[in-house]
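Both complexes below contain chain A, partnered by chain B and then by chain C.
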Partner chain A sequence: MAIKEDVYTRIFQILSYAIIIIASIACLLPFLLIISASLTSNESIIRDGYHFIPQEFSLEGYRTVFTFPEEVLRAYGVTIFTTVVGTTLGLFLMTMAGYVLARKDFKYRNAFSFYIYFTTLFGGGLVPWYIMLTKYLGLLDTYTVLIFPGLMTPFLIILMKNFIRSSMPEELFESAKIDGAGDFKIYYRIVLPLSTPGIATVGLFLALAYWNDWFSSSLFINDPHKYQLQYYLYNVINSMQFIAQMGAGTGVSLSNDMPTESTKMAMAIVVTGPILLLYPFIQRYFVKGLTIGAVKG
Partner chain B sequence: MNQPVPKSSAMLTTDSRLNGRRLASGRKNGFFYELIRNRILFLMLLPTLIFFFINSYIPMVGIYYAFTQFDFNTSLFDAKFVGLQNFQFLWQSGTLTKLTLNTVGYNAAFILFGNVIAIVLAILLNELRGRYFKKIAQSVMFLPYFVSFVILSVIVYNIFNYDNGFLNTLLVQIGGERVDVYNQPWVWIFLIILFYLWKNLGYSMVIYLAAITGISDEYYEAAKMDGANIFQRIWYITVPMLKSTFVVLLLFALGSIMKGQFDLFYQLIGNNGVLYNTTDILDTYVYRSLKVTFDVGMASAAGVYQSLFGFILIMTVNYIIRKLNDEYALF
Partner chain C sequence: MTFTKKRKQRMSILIAVMVIMGLLAGCGGGGGSSAQKADGTDDKSQKVQLQFYMLGDAPKDMPAIEAEINKLAEKDLNATVKFNYTTWTDWDQKYKLLLSSGQPIDLIFTADWTQYQAYAKKGAFLPLDDLLPKAAPALQKFVPQSMWDSVKIGGKIYTVPSTFKEYVTDGFVWREDLREKYNLPKPTDIKSYEAYMEGIRQHEPNMKPISLNSDIKGNLHDRYSELVTKSVGALPYGIGIKYEKPTEVYKYWGSDEQKEELNTYKRWADKGFIPKNVLNVKDTLQDQVTSGKAASIFGDNPNRFNDMVIKIKSAHPDWKLDYYPFPLTTGYATPVHPIHNGFAIPKSSPNPARALAFYEKLVTDKRYNLLTQYGIEGKNYEVKDGYYQMVGTSSTNGFPREGMNGWAWRNPEYMLFDSSFDRVKQIFADLDKIQKPDLFTGFAEDYTTYQAEKAALEQVEKQYLYPLQAGLIDNVDQGLQTFLQKANQAGLEKIQTEYTKQWETYVKEKGIK
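Right, the complex of A and B next:
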């Protein structure tokens, strides 16, 4: 009996290792492709195509990106600004909302929860939303429009509420009240310090959404100086493609004169860089926070 | 809904004090009584309520745009009312059916493959022994979730572009012919699903892994004693225990089945009209109508259709689930 089970378990484990290793490699390979391409000379890419290992090592892609660093740095600045302001403000509002909705003695918590949740079920659609922000609130080409719409999502508020409810007993609030603490004092003296894992998770979700945002720029920003990093990258890629195609159409090859392919890939790496560097540190908070949220169901 | 308020001594004093002051109205359970008693809490919630009012509720009024001839210069209710004309155009052009089928079809595939593969991976990962190996594998699979969709489009371009993409380079090297993937509409059905999975599997896997970790070891011990092998333990214990997580994720996903993964589709396809038949979803259509073709009337009509259809769908599903098993219903 015991031997038979061991055989099964062993087969299963070998199979598991194999599948997990294959899946992990599949997740990594695309990154390897762009890293390799960013380190390859442009001629080599045009002649031999993209490879996993640079055929002709060169840093010209990165050199081109940083020939005129003002624009890249400016886009970086916009993204860092919106990410920091948006995340801080959004976190403040969402932890407060989560705390209020988690308070069992707050009578209308279910009604207000539904008020927030309902927006995920039904909406006016993109067009009325766009018209309201541009025509009635006059937010075209402002930094506000890059920050405001992303401040809160129902999902994150519910996550925060569940986190506070599951990690802080109601008695804690009551005893604080007996000691004379007001509702707001309970929030910043008790709830905030005790919600670090929840704040980390929600904050990371929020920061990631701001950092990866290209959509707001594409809808609301006409002034290239205010482009977010991702949209800047998107534009660079598309305009280079455009230049290359123009060259192909007229018979004049422009693509040989400028390192378009390697520059594109170098640009992609420069844009992704911070996330790839921070990832190992960030990732465990994500997993921890998601775990807490998921066990709650 | 109306749970009795826990009576602590502190609350009793507040209650009676306020009661004394407001004897005239005497309505202890009224909204205004609550508003005054918990004014700080209301105040703390207020910014959130205002935010959703501006960002979500006011645009609902704008649904009216779908029934008018849009003119950016006039205000909403001065615009010329045209009834269902916008919807009629949309319907007659045949786009509506195509968009609906694509949107629902892709989302169904995302939900099905996304969850099933994530569950399988979570179970496999959970059975591995090496602690570090497990951690690293989990991190690696979660990594694509962090990468922006713009980068994803760079990756796809890198692999599939005609002149020097990785795939074509490989094909030429082994003596094959180049393939112009960007002109093959049917291929994108698989590519979009594939890249959706690439980006999201790690995330769902972590959620299922958390649920598996939450299952008590006692079940497995007991099953082992009864001679169940590893396959039986997984099939009869792990899989059933993941049901509630699965249902919650499924319901959330169903709620947005009419909203596609806009970023994914738009970044992979862009404005490549050749591929629209197999890749256009409601979100990309609305966005293009607004930004590229300036067809605001059609865009709002499509948006209203999307919202309404999705709303009816989720209400129906929730109703059915409530009938089957009350515990799993969303609301």
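Right, the complex of A and C next:
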């Protein structure tokens, strides 16, 4: 027979369930509203406002989005490409940097650590950064510019360094050396396999940063074919706002058909949908990586 | 929300500082190849690529148009052009970066609303006075001398103005079918407009008599000052200058005039014309009318009125919209200032002479002009009875009318209009009879000395003035007193004095009386 639960535990359970239910409803309702709005005709949204059940059902929003599906798909492609390439390359570079900085027999490690650490305190600012990338590196309008600036994040390098230093004793490297391993072999045969939790954490941060990046596109990309997904979406919605606000005073008449409320909502669904479906499958890795990273990083 | 706003603010201040520093440093030459000879003349035997910068989004067929243009330009000028677009997302920040980073840019769009005057003053653009007769004599002749004179900043020309004359003055927009049905008066001034709204309120209780959104200042005050106080322009900081007496500056805030204005809004709010949640409404004014939610707009320009007519014609053929321009009441109409649409050559341009020559082609050569304004004939548009006709619909057509946002190089001789534009042309013709020059737009405000006060005042306005303008405060006089007190604390006095000083210098310089 189960032990009888005491009243306080019961109350606690009821309370916590209630709070969690309320919180999840608060998360779900706005999303439901977006789905409903994406299926409502635009005029009805303006006239009657948003409703959970469409007052006037219409697929017009989705039709507009998919008139040029290749644009959305291309933006998807760019984001996936930059995320995969950026994360892989970034992980490679940052684990290398972390490993080198963690080795006590590297003479200049303090100087290098300081150099990296210093950039987290003092940045050059937006304009010099912009001039550097466009004028001196000539990266305007290239895919490289979407990937390159995010490859070495000081914070993540320091995180990686600390992780390697705390989880791998210096003696391990020494014994490997005695057994005849070179520095690079130690890196990929010993350090890499042992630091998977750290790699998961750093990789997660990197991947999210690339996936959510819109700022690089905004600054450095002129060619609409190279827009990242987030920027593509942001731009569409922003154009709408611009025309509403600026158009009145300037008399600028824009002949392009502007997306309507329902189109915006439909686009939000199209853009977030796949990631939402993907999330349940990879969620357990997220949780694992974060907890390990939190304890040891 | 507040976090991102703060960050944006901080960022924009940072950028502003950087821009000034960048400009002071002279931003050196760009990395582009230059075909300019030592004596300043253009070496046409050397092929160059021009970088062309526009605001907004590129139309879908842009690559095809670019290829066509390049075919022509290569033959005529031994040059190719790359058309770049900023998009409307943070375009002002990008615009600043483009001009301050010293990138090789040969041509860039300018307008009063992109701060042409301020950039020209800071030396971001190349003066065109000496270059024009050498590189683009036809263009120099094409643009009337009076226009060249009125775009001058500090005595120099920095932009090529557009010669197409249009009016962005306001006018009442209302549902004519409803007006006829209930036998309401035609809105021509505040009194008749109020009577119209009252009628709508009475007969169509579910409809909003007036279309409003959270931009209360733009929806109500700016239109009011054009119609009733006959202000010289959209003046900031509670400054008052009347069109008839441009040299006299007075304090609008706190004046009897303003009290009357605020009382009008209060009355409208009491009668239920202005909804209580107006400061949260985000829908555009036009959408509210075209969807049948609202019955009128206090003021909109002829172009946008026409857009609404077209939209309604297809969705609700039984509705009718009508328009009454404010100038017919006020007695004068000001066509847009030549600064309103133009193209400048940034200091960083490696090939200013070739760029200007190309721009001349764009404006004066029919082939270039039609291609860049309307696309490829047959594929993007057709000409029927002299009218522009789009091929397909705006969602299937890759290059709608003026799809490149090429307002600056419109050439009145080649322009094609949709048949619906006849109505706008009619309005323009009416306004032509009472036209007077725009005195306000040529003025370049320099707020570096009172930047902090300006920011503080903007906050005060948002908090204390907007609710007054939305008629949400019960006691108007008391509300106004509170607002003025807060505004004075924010440094209103200093701003007004400085602004007045600048205005007086400007008026004297331009010989405005």
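The working rule: the second predicted complex is superposed on the first by the 199 of 297 C-alpha atoms of A that agree within 3 Å, B and C clash if a C-alpha of one lies under 4 Å from a C-alpha of the other, contacts with A are read in each partner's own complex, and residues count from 1 in each chain.
One rule holds in what follows: a contact is a pair of C-beta atoms (placed from the backbone, for glycine too) under 8 Å apart; a residue touches a chain by one contact, two chains touch by 3 or more.
These numbers come from a predicted model, not from an experiment.
Student: Quick check for you: in the superposed arrangement, does A:91 touch first (chain B), second (chain C), both or neither?
Tutor: A:91 contacts neither chain B nor chain C.
Student: Between chain C and chain B, which one touches more residues of chain A when both complexes sit on the common chain A?
Tutor: Higher number of touched chain A residues: B.
Student: Regarding the shared-chain residue A:239, is it in contact with chain B (first), chain C (second), both, or neither?
Tutor: A:239: touches chain C, not chain B.
Student: Identify the partner contact of A:164: answer first if only chain B is touched, second if only chain C is, both if each is, neither if none is.
Tutor: It touches nothing on chain B or chain C.
Student: Now for A:187: first (chain B), second (chain C), both, or neither, which partner does it touch?
Tutor: first
Student: Could you say whether A:219 touches chain B, chain C, both of them, or neither, answering first, second, both or neither?
Tutor: In the superposition, A:219 touches chain B and chain C alike.
Student: Tell me which partner A:122 touches in the superposition: chain B (first), chain C (second), both or neither.
Tutor: After superposition on chain A, A:122 lies in contact with chain B alone.
Student: Taking the superposition as given, does A:102 touch the first partner, chain B, the second, chain C, both, or neither?
Tutor: neither
Student: Using the touch definition from the top, say if A:145 reaches chain B (first), chain C (second), both or neither.
Tutor: Touch status of A:145: no partner.
Student: For A:130, using the defined touch cut-off, is the partner it touches chain B, chain C, both, or neither? Pick first, second, both or neither.
Tutor: both
Student: Which positions of chain A sit in both the chain B and the chain C interface?
Tutor: 46, 125-128, 130-131, 135, 218-219, 231, 234, 238
Student: Going by the contact rule set out above, which residues of chain C touch chain A in the complex?
Tutor: 11, 14-15, 18-19, 22, 30-31, 56-60, 84-91, 94, 97, 100-103, 111, 113, 166-168, 215, 218, 222, 234, 283-285, 287-288, 290-293, 300-301, 303-304, 307, 315, 336, 340, 394-396, 400-403, 405, 407
Student: Spell out the residues on chain A that touch chain B in their complex, using ranges where they run on.
Tutor: Counting only chain A, the residues touching chain B are 1, 4-5, 8-9, 12-13, 15-17, 19-21, 23-24, 26-28, 30-31, 33-34, 37, 45-46, 48-52, 93-94, 96-97, 99-101, 103-108, 110, 112, 114-117, 119-132, 135, 137, 148-149, 151-152, 154, 157, 170, 174, 177-178, 182-184, 187, 208, 211-212, 214-215, 218-219, 230-231, 233-234, 237-238, 261, 264-265, 268, 271-272, 275, 279-280, 282-283, 286-287, 290-291, 294-295, 297.
Student: If we count contacts the way the header does, which residues on chain A are in touch with chain C in the complex?
Tutor: Interface residues on chain A, with respect to chain C: 42-43, 46-47, 64, 67-68, 125-128, 130-131, 134-135, 138, 140, 218-219, 222, 224, 231, 234-235, 238-239, 242-257.
Student: Which of the residues in chain B end up touching chain A in this complex?
Tutor: Residue list for chain B touching chain A: 1-3, 5-6, 8-11, 29, 31, 34, 38, 40-42, 44-45, 47-49, 51-52, 54-63, 65, 72, 121, 124-125, 127-129, 136-144, 146-151, 153-155, 157-159, 163-166, 168-169, 172, 198, 201-203, 206-211, 213-214, 224, 227, 229-231, 244-245, 248, 255-256, 262-263, 267, 270, 283, 286-287, 290-291, 296, 299-300, 302-304, 306-308, 310-311, 314-315, 331.
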